[in-house]
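Please find the structures below.
Two complexes follow with chain A in common, the first pairing it with chain B and the second with chain C.
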Partner chain A sequence: MNDINQKPPSVLLENVSKWYGEVIGINDISLAIEGGVTGILGPNGAGKSTLFKLLMGRLKPSQGTVRLFGIDPWKSTSPYRRIGYVSESERMYDWMTSLDFISTLARLHGMSRDEAVERSKHVLDFVGLEDVHHKEIGKYSKGMRQRVKIAHALVHDPDLIILDEPLHGCDPIARTSIMSVVRELGSQGKTVLISSHILEEIERITEQIVILHNGKLLAIGNLHAIRDLLDQHPHRILIKCDSPRELAQLFIREDPVYGVRFPEDGQLEIQTNNLSAAHDILPSTIVKSGQKITSIENPDDNLDSLIGYLLGGINNG
Partner chain B sequence: MDEKGLSLSKTVWSQLDRKAGAIIELTIRQLRNRMSTWVVLGVGILLMALLLAFYVDSVREGFESIDNDGDSVDMDGDGYPLGQEIKYGHSDYNSDEFPGSSEYVRVSNIDYDDQIRRTSGNFTWEGIGRFDAIWKDTKYSGSSQWEGIIDWNIASNNSCPSGDVYVDWSPEYWGYACYYSDDEFFVYGKFKANGTIDVPLDRSINWGYYTQPFFIEPDLQSMYINEDDIDWNGNLLQSSQGFDDDGDCTRENWSIDNAESAFYFDYSGDQFDEDKNNNGIICDVLWEVDANGDEISSISPDSNVDEDPDDEKYMGESSHRTFIIGVGKMAFVILLGLFLPLFLALGLIRDETENGTLHYLLSKPIHRGEFIAYRLLGYLSVTGSYVIILSLFVGIITALLGPGDEIFRISDIPVWLGIGFATFLVLAAYGSLFNTLGLISPKYGVYVSIVIGVWEFVMGILTIANPNWTLSAISINHWALQIIDSIVLLAWPETLQLQQMSSAFNLETGLDIFWKPPVHTLGTSNPIVAIMVSMFVLIVFTIMMLVVGQSIFKNREIM
Partner chain C sequence: MVTNLPDDIDIAGTKTRMEVAFGSGDGDEDMTAIVAKKESNLGAIFEQSYKPWDGELGPRWMRNYSIFRHHVYGLFTSKGHRHYHPFVRLTILVILLASLTPIPMLFLSSLLPGQDGDFLSKMWGINRFNLWGQILGYFPRNLCMWPLLTALVVGGMISDDRRNGTSAIYFSRPINRFDYTAMKFISVAVILGFVIIFSYFAYYTSAIVFRGEGWAFLIDTLPLFLGGMLSGIFLVLTYTSIGLALSSISQSRFFAAIGFLSIIYGTKIVALLIDMQFDTSILYILSPYDCLAHIGQFLLGIELNYEHPLAFSIISLIIMNIVSMSILVSRISSMEVTRE
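Let's turn to the complex of A and B:
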């Protein structure tokens, strides 16, 4: 047993590798996570789900050790008392009502029937499904199903919540609602792991990220710190407006901007070495021009470019 | 470490009742939501309804008296039933032979090596010789040429070849004759005539006469049905009882007694033996009691004694029991016991994997072995209660309709409960087995299970036919069927006697087909021991399969 003063971290991976025959799922990852919301970022196939399945004791690591609260999840299911898991799987018992579904699973935590129903109602309210407790899950929209899954993971008031692509396929309203739920959990002091392949989603939830690429741990730390690093690299901002040439004249005088391009009619591409500085001058310059702007995009501000930069190359997409 | 952290060090084996309750309930609800569940359960109910219809239609309808020993037939259509023909030593396959018909009586013969080779007289002859006829019966003819009766019209026109017979020529066929001169013939066959015959050396001839036919009133065929009832005074004593009412064992006043002939069989197909049971008393029935002296354990009749009892007197009760035992063994243990698990247990965990819902259950603080056990309990609570309710339902109906003076045959209910219980154990054993097979190989488990199902079916049938056969003990059915056999003996002790009577006296109730005394009594002949042994085997098997299943599942990676 661990020393009483040395509380083991919620999640601890030491040199963990997992391969499926020839295919590598996770390659030599070491990681310790404790407290707050951590975004697990990576494109499809980066190993996010493999990582989570290792944590959930569904897979046995080929090498290394996995510990949840200091316990090996492959050998014992006892850590799951304190863990809520939202799988990427869409499948649920569609014939059950959400209240049934959650309370049945809550009872597997050793709750009595009444306790389970009470807690289930509470978590359903928490995820914003107050009105549909008694509706069959099969009749729910995708976003509602996703929220039921999250509610089910919260029913036993876990300390560690693992969410595998919870925003995948949700409409914007559900997305916003789920994000606020996750932020709320983080602010309650719980440890939350949330995976996504969309940078922007995670950015809206947390700053603490882990980036996985081809099964390897590519980066870990504060998203803004990583971003600042990236900002020193060439970056593009795409502005759609009526008269791009006029706007370009204003921008080219600004310090952070080192070049402009006109990729298409009514489009201006600004090239910069300092993204945040460029963003700082962006509103004032546009106001100055008095032009009508249809959109502003950061084509390089996605996970692929981020990974591209981290891998050392410049990925212009 | 905080309070929650401390609680982690404890085992996950806590609050098992709540977890078990949740998974059992979930399993029941899942089964309830599956179409195949209702189809299988519905088919089971339909099967029982059909069997009940059969019961009402035939088992309950009393019994037509049947000819248990088969002697009421008249195969040759001469108007005399077999039983009467046997008394007179006649065959029932020849319409020329019947009681009172004219019979051939042999007088004497000249053998191939006799010194005197000539004789004369008016007889029916059969053999070879040179015959000097005084009178010939030209009308004597048989029904076929194979009888070899000489046709004098042909013979008179057929002069014998020159030379010596058997030197220069030989007769062509049995029934051949030719003439030498007026009224002197060579004969080779059967004929009726008056005259003198010379028999060549190394040939022979028989002669005799036919008796005058006389009339005997043919018996009614119905006289040979139920003509030899079981004579038993009801005393549970080891004793010689029984009496040959129809006289086909004692054979008094029979005109011809074939008892010594090796070809004379009794009704059960054995060589006729008037003291077949070897108790020194001819034509009786030996009733033997069991070790406790409270049950007739064996009945051995001598040949043709009490062999054609009054069916109705014995059939009602026996048939009722046969129905219950047959339905319990075939419909409940073998069919329901096999098909319910095949449809409902095989996918208990496999389906969750396929549906992608397994992770909800496995990401909970439950041991995987615990999970399998609760799933099986859920399945068992559905199928088990179904089987128990169904058996009680059928039981109550047959107890109301069954024979006997009581309005409700209360003694049937323990038997039905026993059938339900035996089926329940089978459901547990197969459920555990098939579930484990589904875990070992999600893809091929179903095929292996079907192969095992066929094996079990065959072994079940063989166990019913002969529970002593060792090979059939390598099956789950075998042990469950033992439980039914044992419970029958406990609830209806006199079944042993009914079964002995039905096999000893040829009562076609099927009781001796469907029921045999329990075998696995460890030499005690005590049905309770057999139940204990069978329960032990089935429960140990179930737990073993559960352990195998959980040890496989525990180390399975779930993608």
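Let's turn to the complex of A and C:
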């Protein structure tokens, strides 16, 4: 039975397409997102920023409907009371201190002066900038600027937070900090959309992903479930060690391994159809060999490979 | 294990074998190193504790007021507001003080007895010509002061947002394009109005106070004062709409400022040259200043010194404002959208 009073999802796209002349930005995408952190993954040019601009009412869909909390963002700015948006390219007022900047933006949401200052201090504290909030933004590092952007998106306590490549250009510590912030927001029940073209980054934040490629929706759902679906595809494990040939003799006897290669000196590539089973036998086999291992990598464990597999699956299908 | 070491070898490390053998230092005895102390804690991973906010966001007027104050308060302090260059602030202050110069003369006229006081009062006192001149006099007000004031204020009003992409700050919040445009317009108009209308009001008030005029004088001159104020409002609105239109079509505050000055001075000079050469004033309808001056002369009851009909100036001024507002609205509508 349909509940007519059912709350609309935070984000709803129905058969949305966007064309730039003859170039397709987004191609017939339908999805609904509500609660938790969702990673929007895709290589450069996949349509992530176009998707966000459609959500933020900066683009009108060529076809289909976009709804934020049930309202068309192209026609009304009212959903933005409940949205915090971090644009990849947005500039800030560099002459202002972060506290002044964020409290100014808080007032653009309709907060009183005292509320704006108090809330700004809290969000700056939340993103770890409380010690430098009296410093001008122009003097901040890239990572600190990204955190200021996140703080200004949070100042009015939005229900939906849209982060367009927030980790881009950040140093590892800033990345870790921002990831922690995003995870915390997700755990508080906020709907967070975060885009990236790096799988590992998103994997550290959330398991819920949407994969875009050439404007098309390639996959949606739990990252591990998607990986499991891909398990029947060949995977590679690259091991750097002293004597790859001796190690290869041990691995080739194991069931999950169907082939080995030696791409370079001191490197062994194991080929398997069952990645998790191969990882299960990895420690015992290495211990048995008694070899010193420098590194173990999964070359297929990145977004390009994932997309390649998904496209292969689609083509095969 | 080391045993049977000579007594003079110090295995604690303060003396080396070389020093023991040759009794000389190897240069390392005073060896020191300075290691930069890590004083900041920027590398620390901070603890997150997000606290939801249970307050109520204010209504539309509060959001719009915050845009207004950002631009207007910035003239007084950059802290948390729009940044105006100190030179711009100083110039605006100088223009304001210059526009108030008749007030000390009126004060002086009230102090001086007899003919001297009467002379000063006649020169700077309230009459329809002085009221017109306070707003629409060409030199120095409309040659140096008002156009320069407008150029400085409108220069970066929208073009800065276009150049820096800071308009996204507004449009990703519940602020629609109408509110954004309206508040920018009102901000500029209020700043111009503060200098132009306020100085006019101060001049009129001080003339009454310093000369000790009564109700009869007030009743006599009030219509003239209101006519002048209406002219001032027209001037502020026209200069604001032309200036903001120019600011909205560029990404350079310099272009907007120079463009505005070029329109004001350029049309005036062309019309003046045509008038001198061909003895016709019709081209003055292209000059925003002259249209305003023409209408101002009518409102204050001064003899019109333009040959063409007043209706031409009124229609021309309306068209100028409509065209400017259309450009402004069209450019703001496409902001952030046309970038795609």
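Going forward, the second predicted complex is superposed on the first by the 307 of 317 C-alpha atoms of A that agree within 3 Å, B and C clash if a C-alpha of one lies under 4 Å from a C-alpha of the other, contacts with A are read in each partner's own complex, and residues count from 1 in each chain.
In the analysis below, a contact is a pair of C-beta atoms (placed from the backbone, for glycine too) under 8 Å apart; a residue touches a chain by one contact, two chains touch by 3 or more.
Only a predicted model underlies this, so the values are computations on that prediction, with no experimental measurement involved.
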(request) Quick one: on chain A, after the overlay, do chain B and chain C clash, or do they fit? Just give me the call. (result) clash
(request) Please work out whether A:L59 is in contact with chain B alone, chain C alone, both, or neither, and reply first, second, both or neither. (result) both
(message) Which partner chains sit in contact with A:K7 here, chain B, chain C, both or neither? Use first/second/both/neither.
(response) first
(request) Once the structures are superposed on A, label A:F69 by its partner contacts, choosing first (chain B), second (chain C), both or neither. (result) first
(message) If we overlay the two complexes on their shared chain A, which of chain B and chain C does A:T77 touch? Say first, second, both or neither.
(response) both
(message) On the A-aligned overlay, A:Y85 touches which partner chain: chain B = first, chain C = second, or both, or neither?
(response) both
(message) For A:D159, using the defined touch cut-off, is the partner it touches chain B, chain C, both, or neither? Pick first, second, both or neither.
(response) first
(request) For A:I173, decide between first (touching chain B), second (touching chain C), both and neither. (result) second
(message) Once chain A of both complexes is superposed, is A:A32 in touch with chain B (first), chain C (second), both, or neither?
(response) neither
(message) Per the contact definition in the header, classify A:M111: touching chain B only (first), chain C only (second), both, or neither.
(response) both
(request) Clash-wise, after the superposition, say which stretch of chain B runs into chain C: 113-121, 293-301 or 329-337. (result) 329-337
(request) Check chain A for residues that touch chain B in one structure and chain C in the other, and list them. (result) 53, 56-60, 77-78, 80-81, 83, 85, 87, 89-93, 95-96, 104-105, 107-112
(request) Spell out the residues on chain B that touch chain A in their complex, using ranges where they run on. (result) 1, 4-5, 7-12, 14-15, 18-19, 21-23, 25-26, 29-30, 33, 355-357, 359-368, 555, 557-559
(request) Would you pull the chain A residues touching chain C in the complex into a rising list? (result) 20, 50, 53, 56-60, 77-78, 80-81, 83, 85, 87, 89-93, 95-96, 100-101, 103-105, 107-112, 115, 119, 122, 126-128, 131, 154, 156-157, 173, 176-177, 180-181, 184-185, 188
(request) Provide the residue numbers of chain A that touch chain B in the complex, in ascending order. (result) 1-2, 4, 7, 53, 56-60, 69, 71, 76-83, 85, 87, 89-93, 95-96, 104-105, 107-113, 116, 152, 159
(message) For the complex, give me every residue of chain C touching chain A.
(response) 41-46, 48-53, 55, 57-60, 62-63, 66-67, 70, 78-81, 83, 164-166, 168-176, 336-337, 340
